[in-house]
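Common to both upcoming complexes is subunit A, partnered first by subunit B, then by subunit C.
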Partner chain A sequence: MTTYIIRRLVMIIPVLFGVTLITFFAMRVAPGDLAQVQLGEYATEEALAVFREEHGLEDPLPIQYVRWVSDLVQLDLGESYRTNASVRGEIFDRIPVTFQLTAFALVFSLAIAFPAGVISAVRQDTFIDYLARIFAMAGLAIPLFVIASLMITLPAIWFGWTPPIRYTAFTDDPLANVTHFILPAIALGASLAGTTTRMIRSQLLEVMRQDYIRTARAKGLSERPIVAAHALRNAMIPVLTVVGLQLGVLIGGTIIIEQIFSLPGIGRLLWESVDLRDYPMIQGVVVFMCFVYVFVNLCIDIAYAWIDPRIRYS
Partner chain B sequence: MTQGQETATAPFQPPAAQGSVTGRAVRGLLRFGRRKPLGAFGGLVVIILVITAILAPMIAPHAPNTQSAQIIESPSSEHAFGTDRYGRDVLSRTLYGARISLWVGIVSLTIGVGAGTVLALLSGYLGGIVDTVIQRIMDSILAFPWLVLALAIVSVLGNTLTNVMIAIGILFVPNTARVVRSAVLTIREEAYVDAARVIGCTDWRIMFRHILPNVMAPIIVLVTVGLGSAIIVEASLSFLGLGTPAPAASWGRDLAESRAYWYNDSHLFWPPTIAISLAVFGFNLLGDALRDELDPRLRGR
Partner chain C sequence: MYRNYWLRRARSPFSRRRMLQGSAAMGVGAGSLAFVGCGNDDDDDAPANGNGNGNGAPEATRDPGDIERQGIINFAHTADADHLDPHLDTAWTMVVAPHTHAKLLRWSPDISEILPDLAEGLPEMNDDGLEYTFTLRPDLQWPDGSPLTSADIAYSYNRIAGEELGSPHRYKAGPLAGIDTPDDRTVVFRLEEPFVPFVSFAATGWMIILPEGWADDHGDRFQDSMGAGPYMIDQRQSTVSTQYVPNPNYYDGERPFVEGMDFRIIPDASTMDAALISGDIDVIPALTDRGRVDNILNSNPDIEDIEHPSHHWNMFIMNCEEGREPFDDVRVRRAMNLLIDRELYQAIVHSTGGQPSGPVTWGFEQYAIPQDDLVQRPGYRPDKEEDIQEAMDLLSAAGYEDGLQLDCATTTPAAHATYNAGALAIQDQLAEYGIELVLGTTDMAGIQEKRADGNFDCMVYVNGGSQEIDEHIYGPNRTGEARNVNRFSNAELDEMLDRQRVTLDEEERTELIMEIQEKLLEEVPTAWLADPFYHSLVNRRLRGYNPYLVWDRSSEFIDAYIEE
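Up next is the complex of A and B:
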């Protein structure tokens, strides 16, 4: 097990290295001079020179990169061009919002997908199966921002009631905080719910055809323990992988959802810094999001190597 | 390339496949429709979308970007879906929106899947260090959540139509490179590839004349499924104000811009909403069905 974990850890190093490389150099191919972009076209030569000096833009790119990465390794993401605030500080301030939003979305989508996927597979080709599949497909097809817009607009058009679109910190008013997160989380989780339902259904159908399920039936087990104890557990591994990969959709989706529901999270921070072309902030947020994504997937890999010995030894 | 392919396959055509090309195509389509009714429905939606996009200048009652009436007019016989906050005809903009969506989708897919396929051929056929380097780069790109990557690219390049297409295209490179590479790996071992090498074909020729035509099935699936996703990404970027620049009729942008009017003037809300959902739904259904048909491993499930 330890060797497996070490092997997986070693494997993510080139990926993380690639992420920093791509992010850094992508930011530097931006058309126009960085200092000029920040200070505007009427900035004086002296002001531009001071800005470049201050942010180390005079050095060759590889040196700038090495400096940025060595700071990064020490968890220092630099300062915003606009406010001089610490990028790490800004991100840390906003983690709770995005974390709560993503966690709620994940819980919501799994709470829907599990029963829907299992029932859909067990009652294959019945009315309830078709219903589940149509909903899953709709969750996948309707874009996130459309679902969110519908959630805000439909109650207003039909009942004249507008859902609360503001952020309340958990420490100020726990109840208001949780209720305000429900709609954004459902909107964000809808597509994951769709994907996971489809995945659970197809995996379960696959597993239910295996010999050991026939054996379980032959020894007289009733359907419920067969599905719960024998089939579901074996169907879970590919499902977990998909949930891990789909986390990227959730992380990207927070940009849209936090924008629509006015939540001060990391996604909104990214959107704001893109709007202001605040490159250190964009770089920091992008790298942070990628690292979280890679790290969660690493944890999932390790988790199922621990559950399933076949993976450990392959 | 098509010409070479035809001459190469012509002598081996089985007798059953004789008859006019159109006849075969129609029979094939009918069979597809019987076996995959949902996929056929998706195909129908896609066809309607394509026709709308092509005929938009002819069927749209007004020009999409000119003020043709008072602002925020409710639907009337003159303006079936009313007008927006600049007095532009909403129906015409929705019809023209099909053009932007499809155009962005097709061009970005061509960029992305094209680049991905070339990388996959190099990676799979040449192997060795080329393979390792390309695949590691692809792994790194896959570590970016898709919207984050698209947003970062657009923010760097600036949001012109071309840059939006490039940004969306890049999202499809790593996946294409991986999927097509695995297909290339199997084809590489075929006897006809050895034969081509023996008669002295260059690596370049083997990759593009002999291997590429045989990995088209996964590429077609990638493109169909990808178009749905590309439309979503374009609409999402435009919704965030970073996609197709104004005043082009983009569904995502039109939806975002009418945000203040959703409650009282829902005629601004429904047309882009329904158009986007329907378009994506169509491509998803068609793509799913095509994947089942073209992927032998899934056949009969």
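Up next is the complex of A and C:
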């Protein structure tokens, strides 16, 4: 197992390398003069030249890339062109917000998906199954920005109430903090809940038709332990894979959700930085997000062995 | 004067006819901008605030000793300032910085007069217009208690005027020959030649005064600031929120009338609407979408609608660079001007209604060509048939009888929604006459690059306007100016534009500015479109709010107070 983990960790390096290449050069291909964006359209040629000189923008792109990557391996993500703030510091300031939002969304989606998926499979083709499937389809079909916008505007129009639009840190006011995250988490988690519900249902239906389930029933076991102890655990591996892959969707979704609910997280930071061509910030955030995504999926791979002891990594 | 300026309308539908009736009744002069009033001035449903306006300034007779600061003003914007250095910005710094800073002078909120700010009065000008002497108020202090002196003024102006900084506001300091500071309270500006806009530029929100050496210590495009305005920043998290508290050393001990202000960034427009409806924020300024306005008003009876004009102006810019077809040919430019249906543009892009504008937007009434005159002119005539025939003849004469294709640069961010909505509206109109607008949609960075490189044929563009007429006509039209994004050049016009800057006689200058507009209408480097009536929606708890008429928000909360 240790060898496997080390091997997987080493494999992260070429992935991250690829991400740095794509991010760095894709940003340079995008239209817009960085110096002009930072200094404003009426900036003089002299001021633009000074900015480019100060930030090494006149150097050939490969040199700029090597300079950035060599700083990156020393965990120096540079400074924002826009605010001069440390990129690493800015990411660490914002990560608790995005982490909390993603965690809440994950918890919400699993809290809905597990019972809905299981009941839907166990009570196949009943009213409750149809209800669960409609819910799952709705979660998948309705774009999250629509769900989020409705969550904000409808209560305001109907009841003159909106969820708090001011972010409060958990340490300052836990109740206000949690209140602020409930609706964004629901909006963000709806799609994942739909996907997971459908996945659990289909996997469970397949497992429930296996011989060992029939054997368990023949032994006289009641339905509840059959589902809980035998079927569900075996149905979990594909579900876990989907959850891991959906994490990317969740992280991407934070960009929209943080905009709509005014949450100062990583997603919003990325959005603002792209708009202003803040290269160091964009590159830093993308590499960081990529690392988190790869790392979480590694953790999920490791979790397979815990769920199914037959799986051995060698 | 101020109290009669804002004519509020609430809930009732707006009609163009009523607007024109209101316009016909208006008087001429800067103080008579009340022409936006279209009747139905329903003060009755506004809580009394002592001035009969429902949303005007607090009573001037209040004694400083009676003032008890109470409440927090909550407001928001879709984007934050990248830095807090107004000398190096023309955009979002204006949403954060002006509340903390002071200038030598300031414009009254209705742009009718220039008032003293740090100076104790208007400056003395010598006979040849080459020297302006300002006397500062006595005992001015920065928030940290250090004295604010003439040296700070000289430092700030030298910074703006200095070539090395590359300030986009450099021209506002005029052709500065030098600044003398004979004592702590006296500043003498010496100019190389007369520069008539000097005083009015000194009162605009970008000409803020910094403590001497501030940028040397904190760098250009600084992130923390110290100003001599009514507020100071207590806490700030960039792109999230900024909290203001009263500046204890503000020269006007009476102001501000509140305990503080809470400014938040809410990037999504529908979230901002919801926040206003629920009372989470107190104001959304300058809306031009009737549906949005009505939705908010119908959802919360405690929200008041202030309708007002503005100096912002919508325009269809044509790239006139020599040798660049087709707009290097004045006939094609004239044809565009004739074909555009301004009333239709207005109805599509700004559903709150509005009026067509000439080279100076109708909201800048002192200099704008009167509406009854404007609507007689080619391109503005209500009956478009004659215009269309004339335009087709011009296009044929220019060799475009089979139509033409134009690269129209545009962008889609929410804060610049008019660019794209306007481009789509014009695209639709011109398609009828065989003119295809190919929309090159990009983000703001992309469009800035296109503007800087001149890599476009045309674009719909909205400018934030200014209190000073020079800013409306000089930069956008003078050969070689950075703001002349359509690269228009005309020697005769350049001479006239230069001359208006040195014409000391006000009447003579006004006449010259009208002549300049006639010349511009002849050359049409730009097809000026139509400008809307703006609606600022305010929670009734916020009293004394001043909608901003130009992109200078210094006065927005200067008179504001909270009445729960």
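We take it that the second predicted complex is superposed on the first by the 287 of 314 C-alpha atoms of A that agree within 3 Å, B and C clash if a C-alpha of one lies under 4 Å from a C-alpha of the other, contacts with A are read in each partner's own complex, and residues count from 1 in each chain.
Heads up, the rule we're going with is that a contact is a pair of C-beta atoms (placed from the backbone, for glycine too) under 8 Å apart; a residue touches a chain by one contact, two chains touch by 3 or more.
In this text the structure is predicted, and so the values were computed from the model without any measurement.
A.B. asks: In the overlaid three-chain picture, which partner chain does A:Arg277 touch, first (subunit B) or second (subunit C), both, or neither?
C.D. replies: Once the two structures are laid over each other on A, A:Arg277 reaches both partners.
A.B. asks: After superposition on the shared chain, which partner residues are touched by A:Ile152: those of subunit B (first), subunit C (second), both, or neither?
C.D. replies: both
A.B. asks: Once the shared chain is lined up, is A:Ala228 touching subunit B (first), subunit C (second), both, or neither of them?
C.D. replies: Once the two structures are laid over each other on A, A:Ala228 reaches no partner at all.
A.B. asks: Between subunit B (first) and subunit C (second), which, if any, makes contact with A:Asp33: first, second, both or neither?
C.D. replies: second
A.B. asks: Quick one: is A:Gln259 in contact with subunit B, with subunit C, with both, or with neither? Answer first, second, both or neither.
C.D. replies: In the superposed model, A:Gln259 contacts both subunit B and subunit C.
A.B. asks: Looking at A:Pro143 after the superposition, I want to know if it touches subunit B, subunit C, both of them or none. Which is it: first, second, both, neither?
C.D. replies: first
A.B. asks: I'd like to know which partner A:Tyr293 touches here: subunit B for first, subunit C for second, both or neither.
C.D. replies: first
A.B. asks: Given the touch rule stated above, what does A:Val19 touch, subunit B (first), subunit C (second), both, or neither?
C.D. replies: A:Val19: touches subunit B, not subunit C.
A.B. asks: Between subunit B and subunit C, whom does A:Arg82 touch in the aligned arrangement: first, second, both, or neither?
C.D. replies: second
A.B. asks: Do any residues of subunit A touch both subunit B and subunit C, and if so, which are they?
C.D. replies: Residues common to the subunit A contacts of subunit C and of subunit B are 30-31, 149, 152-153, 156-157, 162, 259, 271, 274-275, 277, listed in rising order.
A.B. asks: In their complex, what parts of subunit A are in touch with subunit B?
C.D. replies: Contacts found on subunit A: 14-19, 21-23, 26-27, 29-31, 137-138, 140-146, 149-150, 152-153, 156-157, 162, 202, 205, 247-249, 251-253, 255-256, 259, 270-271, 274-275, 277, 282, 286, 289-290, 293-294.
A.B. asks: Given the complex with subunit A, which residues does subunit C contribute to the contact?
C.D. replies: It comes out as residues 82-83, 88-91, 163-166, 168, 219, 221, 223, 237-241, 262, 264-268, 270-271, 273-275, 277-280, 295, 299-300, 413, 442-446, 448-452, 482-483.
A.B. asks: Considering only the defined contacts, which subunit B positions touch subunit A in the complex?
C.D. replies: The touching residues are 136-137, 139-141, 143-148, 151-158, 228, 232, 235-236, 239-242, 252, 255-256, 259, 262-263, 266, 269, 273, 276-277, 280-281, 284-285, 301.
A.B. asks: Mind listing the subunit A positions that touch subunit C in their complex?
C.D. replies: 30-34, 36-44, 46-48, 50, 82-85, 149, 152-153, 155-157, 160-162, 164-167, 259-262, 264, 268-269, 271-272, 274-277
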